[in-house]
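Here come two complexes built around chain A, the first alongside chain B, the second alongside chain C.
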Partner chain A sequence: MSGVLRWILTRLLVMGVTLLGASLVIFFALRLLPGGYESVVLGPLASEEQRQAAAERWGLDQPLWVQYWEWARGALTGDFGISLISQVPVLDELQLRMPVTGTLALMALAAAVLVGVPLGILTGLRSTRRSGGAAGRLVAGLGISIPEFVLGPAVLYVVSVRMSGFGVGSLSRLTEDPVGLVRALVLPAGVLAFSCVAVTARTTRDVVMGVLVEPHITAAVARGERPWHIVRHHVLRNSAVPILTLLGTITAYLLGGAVIVETVFNIPGIGSYMITGLGRQDYAVVQASVLLAATLFVVINAALEIAATFVDPRVSSKGRR
Partner chain B sequence: MMTSTKLFVRRLLKDPLMLGAVAVLGVLCLLALVAAVVPFAGNPTEIKGMRLSPPSAEYPLGTDSIGRSLLPRLLEGIGVTLVISAVAVLITAVVSTAVGVVAGYAGGWTREIILRVVDVFYAFPAIVLAILVAAVAGPGRPAAIAAIVLVTAPLMVRMIAVQAANVAYRDFVTSARISGVRLPVILVRHVLSGVAGTLAVQVTYALAVGILVEGGLSFLGYGAQLPESSLGLLVQEGVVYMTAAPWMLFAPVAALVASILSITIVGDTLRDRLEPREVRSLT
Partner chain C sequence: MSEQSEPIVAVDGLVAEYDARGGVAVALAGVDLRISRGERLGIVGESGSGKTTLALALGGLLPGNCRLSSGVVSSCGTTVRAGDGRTARADELRTLRREKIAFIAQDPAASLDPTTRIGRQFAVAMKAQGRPMTPDEIDEALSAVRIERPGEVRRLYPHQVSGGMAQRIAIAMAVARRPQLLIADEPTAALDVEVRSEVLSLIVRLAAEHDITLIWVSHDIPAVRRWCTRAVVMNDGRVVEQGPVDRVLVEPEHPYARELVNALRAGAGAGEQR
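Up next is the complex of A and B:
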């Protein structure tokens, strides 16, 4: 078997193991929650018989390993069970919410790619110190120092008090009125984009500066290649893999549900689904949405890493040792 | 050793931005500490005056929704947030150093197993993991600390394992091993000092993440609980009364952003100095 193929197979195996671990953690962590589902649904006044009947009905009286097995088997075939609170299949709800979270994520990601990456490259090419000048350090620091739960409400405040035009609180379906949906999501996406752009610019700058000092750049300068040519052919090409990896991580984070932004702006996406589910101990809902977030993270990262071996063969040989 | 440390600190403090960041952090810590010992600004839990009254001579930062003076609450909040984050990061640092050094130095299956477990926790979105921990542990300080540890540890273990593996194959470690130095001595004297720089940088960044996580948790109702105060909790209250009493939002937000920003700047500066890299400009 060729080295690269073997490396890819190993990578996929590792991915499976990670997901198995993640599913175990989420399942058993939820079972540790105090209270239990029956008392949440039936309230504190329910009789012992009512509790038992409810537990039996939902299979909650079975041993935990059996419950886990049933859930995992269903999840593998796309059946995530039924929300214990709303009695709606979790999959239906996820399908309704994914386009919203997806649009939100795409908008923030676009900002990271279109603003963050060029900004990072430009500052990386010009810097003479690793952390840049005082002003640059201050601005870069500010970008990652303003949390979403501060920026979100601040934006809401300014908009609700001073201006209107960006709809707040009214959403449209992606399939019916995509423009309306995008317009409604401009503000929350802007809040998400703020930190995404800052992180992307910081990391890109770091990567570019790392490439700039490599010997092959010195060789290119010595050969008399023009700066722009060096940047395009040597610097950018060698910076691509780490930047793509970072963007993958950001995408996974955004798709997994931007919990705080979705809560602040009252957006019916994956993140707010997860949070309301957790508050009500709605096992099926939390399990499915957290597993979805973890799966996206693991799969996107693995896919990018595998793609990277084709762009840059050093990636897989490093893993092989 | 002492003189080189002194020299290092002196050089760091020549950097005006670093000096500013350290000064801001120092003032915040000092204010919180003094207020905890001598409540010079008043009792944070005492209901004193009108509800939602704007800043005045009597209440320098105004009052909150049930008439408590905001200044003492803010000082208490700064203290609570910084202590929660510091305690959590201390735990993270000790655990991650131990696990990371073992993983990096031992290599092989030990390293694989440790890193795969780390991967599992790394796969969860940070805030989701934090909320899950807080929900299981029951809202409050211990939950916030546990959540910060679980969020910050995976990255730190990874970074330290990588650095420890780099050191483990250096000649001075091999020669120490050949000349019969015992394993604990090698680990502490050579490997640990080799990862110290990475650790310092990671710990600084983790402190900032800790403050962020505490804030996010309190904001969603899983962190510090009333009548206690924390920066996240104050921001959350401020958001509720944003239109009627904006001063309730401004002061906690300023304190929160100032502390995260100065910690980040300290981290960046430390990284520049402790993990030096050549730098050059094309233009």
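Up next is the complex of A and C:
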């Protein structure tokens, strides 16, 4: 078995263990919350008999490890149970909401890659000039210091009161009208992407500045290579691994940020579904939403890590040492 | 004057200053130097004496925080800095580095792009010089620096080869460009003692074979004496003594040069006893 293949299989195994750990934390952390589903549904005045009957009905009287086993076994086959509040299978709800949140996150991620990375490269290359450094710091400062719950309502106000053209709140299905869905999500995705673009630009800038002072770049300059030749053949490739790592972190941030943006813009996505479920201690909903987010995060990070081994062969050889 | 009789390097009263906290640090304090074509010149001196700054100044490769504040420096017919303060344009410097000067750095592994296979970066570098090479030609260039199985080495990444082999690859890349002037800044500093002599003899042999003028920046006085024809001793940004190696490194006239040579002899003697 080649070294790279062994390294990839190890990463996949680590991914499985991480997901197992995440599922345990999600399940048991929810049970640590005070109250419980029965209290939320029946209210504070319900009798002990009523509580027991409700717990029996939903299997909440079983030992925790039995409940976990039932849930984990179902989750592996795609059965996330039934929402205790709406009585609708959680999977059906997720299938409806996933395209919305996925499109939202992908649009923000695309902005981070398509705007943040080039901006960071340009400011990194111009870092010796004052304009480059100042521009980089300004963009990063603005992006990092304005949170979504401030920017979101501000954008919403400006657009709804001062402008027209973006139909916030009128969402189409991805399969029926993908352009309509993307159009409706432009503003929320813009709000979600704002800090991501800033963080990506700032980090990319720092990475590029770090690569520019590496001896092999000096060697390329000493060989008389043209600046854009050096950028294309040496700087971009050597900057790629930290940027890929950053994109993995940003994915986690996007999944968290989506919760706020979906709430602010009233978007029926996974984030708002999870927040609603959490407020009602709807175990199946919260468990499925968080596990889905964790799976996405772990899968995307593993994919980025595997991609990094193809960009920089030292990554996999470090892992093998 | 014909091109052959003109010095390949002419430095007159060169002053270089680094921006430092609270002012400037003078790295070169009026250096005068002539190097003839075909010479093998060794530049010796303590750390901070200005050796590397001088070597970098010849290719216009000084870092952004260093400036040539006065004097003249000309390499391979290109005036890097004129007496009136004019400096070569960026494209002139690129042409100089691409066509006439080659550098060999201290840390060979670090001077190779870590993300690119050796054969690929060799090809990319040569293409950038306007002299594309086929894989067979690259194999030939690698064989010339005594690399066995060049076809296999071409497919390796820099971190997969030893320091000695990385330095031989860097030498092959430098010499394949057929420069007029080869500047090697402590080319064996990062190598094991066993491979130092081998690498140095390789550089000297290739320089002689291809009629390349060699400037070798080093702390290693015995090696400079063995491999170079002329030596320059630097101290505090000045050339304090220069001439044939057998005179400068055996019976130096300048007190500092004498002190340096004696100190290094004593160090070498202690090393041999150990």
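Here, the second predicted complex is superposed on the first by the 301 of 321 C-alpha atoms of A that agree within 3 Å, B and C clash if a C-alpha of one lies under 4 Å from a C-alpha of the other, contacts with A are read in each partner's own complex, and residues count from 1 in each chain.
We take it that contacts are C-beta pairs under 8 Å (C-beta built on N, C-alpha and C of every residue); 3 or more make two chains touch, one makes a residue touch a chain.
All values derive from a computational prediction rather than experimental measurement.
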Chain A as common anchor, with chain B and chain C clashing or fitting: fit
Touched partner set for A:311, first chain B, second chain C, both or neither: second
First, second, both or neither for A:274, with chain B first and chain C second: first
Partner chain(s) touched by A:225 [first = chain B, second = chain C, both, neither]: second
Partner chain in contact with A:266 - chain B first, chain C second, else both or neither: neither
Which superposed partner A:294 touches (first chain B, second chain C, both, neither): first
Which of chain B and chain C A:52 touches, first, second, both or neither: neither
Least Cα gap, in Å, left between chain B and chain C after the two complexes are fitted on chain A: 7
Residues of chain A that lie at the interface with chain B and also at the interface with chain C: 128, 221
In the complex with chain C, residue positions of chain A that touch it: 128, 214-216, 218-226, 229, 233-234, 237-238, 240, 311-314, 317
Interfacial residue positions of chain A with respect to chain B in the complex: 14, 17-19, 21-22, 25-26, 29-30, 32-34, 125-131, 134, 137-138, 140-142, 144-150, 153-154, 156-157, 160-161, 209-210, 212-213, 221, 227, 230-231, 235, 253, 256-257, 259-260, 263, 274-275, 278, 290, 293-294, 297-298
Footprint of chain A on chain C - complex, ascending: 59, 61, 64, 93-99, 101-103, 105, 107, 110-116, 124-125, 128-129, 157, 159-160, 170, 173, 177
Contact set on chain B toward chain A in their complex: 16-17, 116-117, 119-121, 123-125, 127-128, 131-133, 135-136, 138, 208, 212, 215-216, 219-220, 232, 235-236, 239, 242-243, 246, 249, 253, 256-257, 260-261, 264-265, 268-269, 271-272, 276-283
